[in-house]
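Below, each structure is written out as structure tokens.
Note that subunit A is present in both complexes that follow, paired respectively with subunit B and with subunit C.
Right after this comes the complex of A and B.
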């Protein structure tokens, strides 16, 4: 088993792809936390904790759930909205949940500001000078998600969660696979269940861990 | 949007039943058939639910390309046409795959080299195109004979690269190859290579799956990048690339893009092991002497082992099935007991031996050879002689033209 761990950064000028460091994706029914395979239940609990600890917990829905291109996508979008509303209900004063849509991947021109923006393929993906300290990707095409997750890990201390509809993402600190409406709703239930039990971290700047 | 699982058990327009691929490959009855490798390619494609095949003539793949044209005439393939050159063919394959089609093509030798610019583009665009490479000489003076040098050029393109030993490998791996390369966490092109003529133009008994069963269709909606959209990457960036901008994040994105392609090659490891029953096959791994080979050099190595056994010399074998993903751990484990490792190859540079030397500890154990190239055959006797010479034993065979 790989000794490498997928941790909040800033990790490196150009961090490696976690898959190249031996991190493997979970099998159906599993998830991973920091690159270690865990049960889905453990991942729900950890993801909910991370959301409730964060000063600015943020959901980044991508085009696969933002556009009603099939019935499932529309239902997932509703579930994402429910998760966001649940977060707003469950956080404490001083915490600011956000929902920032990324409807497509058009590069932003004429230039981007690397201090503010993460990836030219996600013009709306911003971590605001590292003020977003926990984020979840959902409905982002896998390749685009992996690029961004890796760049975030390389340059920021943001805790990343992937709710992936396919095989999951090693480059996130925590990843689900085979995302469905039920899984999004279950994560919302865990957030509700842990309300008031998690001490929020009310400073956004972290020194970050590294391998 | 078609759900793949919902079409299992239904029929296509040719009356073939879309079948769970694992059942089709592992549980369905097989019929022994006496076919050339080219005919086997046709029979695999008949069962592969391909949407598009694009052809261009170059020996020794021309026959397979023509036979697939017959499949089109019979209605088994959605579209089939001849490109203007190999470069055009591979570009047209990209267009079809961007549009969400399951794409198949074949090439060889100088054709592979001419089209080379397209292969890293296919990988970077995450297009799961399957390309058969029937290897032949690439150098001047012209040779159309077997030579595997072109594989060396494919190894760093980001494609999956598999090397078939036999026509049976070819039949099974064409079908299984789509299952690996179309996984959303992989979604990369596959170069399925064989040694031209030795595999394509010789007849062998191949066990075929039923012709009335076929693969489930490709589902482009599971792709890790969007289907063709001129405003979104990767298409947008091909016409308006990162090189046009100069800032850290643009370069970091491009670097991460490349890393992600190679991460996908790594992810293919798990799926390749599942479908191919391991990335390597082994025999006698407790022996002091090992032969490590890929393609038809495996067959010659196997015969050399038999000849050596007759003389009381015990020798083991590693058949390398996938070159990308590279079976690093597997080769290290399989050769851990070996004092001498021989790598017979059908090319002049010995690229496989170099890969193995970079993989194992104490790489002075690796003897790069014997080599033949330019269309020469590799009699098992020259492998035997190479081994016996290294061991300080008397050669068993007198080989004309080899200074014996």
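Right after this comes the complex of A and C.
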């Protein structure tokens, strides 16, 4: 088994693709945390903890849920909204959950507005600007998610979670696979369940994403 | 993606940046008679851009994007150069190709789209600089025309390599001295419009982008002819004001000066016989439609 662990960065300018370091994807019913395969239940618990610990826990919905290209996408969007609302209900004063869209993948030069969107080609702008220390990708096509997750790991200390509709993401610190409405709702339940049991990182010197 | 699918999920509508909301609400995707007159009253398919202030390429982009007959089912292919900095802000599917390869990419793309979506209209439009079209990509440009590939090639002719600081290009005028071509061009501007005609293009136009109505007409013609008959080529003068020492406000005048009857961008057009027939048929259909609409309006009144 690989000794490499997918950990919050900043790792360096060009972190390796976790797959090239031997990190494997989970099988159905499993997830991974830091590159180690775990049961899905363990991943729900850890993801909920990371959200509740973060100063700025953030969900980044991508084009596959932002655009209602079929009924399922629209339902997932509703579940994402529910997760965000749950986060807002469950955090403590001083924690500020955010919901920031990634509408498409155009590299968008000369600039984006980091307050209202994230771009996969320079995701760190949004993470740095809003001091996001934990984020979850959902509805982002695999290749763009991997690119973006790697850039985030390279240049920030943000904890990354992937709620992936396919086989999962090696380059996230925690990844689910086969994302569905049920799985998003289940994560929201876990957040509710752990409400008040997790100490937020508010006073830690390392809080907030570094640049 | 067809325009019916361009909908934002209701649960996340409020967090979508306003430019996307505007694109869904008031862009002219699917509007049959879309054209340059929509500029100002509807959302344009271009957001901010990174060209120099006053660069005529930005006008050209706006007129072209307003005039494409089928933007929701069009894929544009670009190449490296000043134009490539604009494409990330364009709300039409587009592919960036390796410098010079644009017509090869477009050939494969057009063929793949016809296999993948039989019976559905899918337009491919190449938009690249003169360096990409006439110098480094000339092989790909010509071979696509020889093969009668059914897409439109648009060249933004600014008569040099602008994006890399002003090197000599095949379309530069004889004797012209640029920042990185201090000796002056030793041979004539390559006559690509004539070469295009001889290479099998069915519609060729050489003009400036000073008049939006003209750009609308030539874009529509070029796309319709490419769709039904074969390759089409538009060479549009988009002067690099930076390299010729003009101010932001002077691009339009530069184009007007260069399109006078004796100048190198005097309007020049070639239409093949089959293309002429198609244009006549389209004009007749248009006339019929307008007459029917007029009749309907008078009945309702």
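The rule we apply is simple: the second predicted complex is superposed on the first by the 186 of 211 C-alpha atoms of A that agree within 3 Å, B and C clash if a C-alpha of one lies under 4 Å from a C-alpha of the other, contacts with A are read in each partner's own complex, and residues count from 1 in each chain.
One rule holds for everything that comes next: contacts are C-beta pairs under 8 Å (C-beta built on N, C-alpha and C of every residue); 3 or more make two chains touch, one makes a residue touch a chain.
Fair warning: this is a prediction, and the values are worked out from it, not measured in the lab.
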Partner chain(s) touched by A:14 [first = subunit B, second = subunit C, both, neither]: first
Contacts of A:146 with subunit B and subunit C, given as first, second, both or neither: first
Per-residue contact with subunit A, leading partner among subunit C and subunit B: B
Partner chain(s) touched by A:46 [first = subunit B, second = subunit C, both, neither]: neither
First (subunit B), second (subunit C), both or neither touched by A:167: first
Subunit B versus subunit C as contact partner of A:67, first or second or both or neither: second
Partner chain in contact with A:78 - subunit B first, subunit C second, else both or neither: second
First, second, both or neither for A:106, with subunit B first and subunit C second: both
Contacts on subunit A seen with subunit B and repeated with subunit C across the two complexes: 69, 106-107, 117
Partner subunit B, residues of subunit A touching it in the complex: 14, 16-20, 24-25, 63, 69-70, 104-107, 111-112, 114, 117-121, 141-144, 146-147, 150-151, 154, 166-168, 170-171
Interface residues, subunit B side, partner subunit A - complex: 1, 126, 183-185, 187, 222-226, 231-233, 236-237, 240, 245, 247-250, 252-253, 255-257, 259-260, 262-264, 266-267, 270
Residues on subunit A engaged by subunit C in the complex (per definition of touch): 61, 65-69, 73-74, 76-78, 80-81, 99-101, 103, 106-110, 113, 116-117
Interfacial residue positions of subunit C with respect to subunit A in the complex: 1, 5-12, 15-17, 20, 48, 50, 85, 87-90
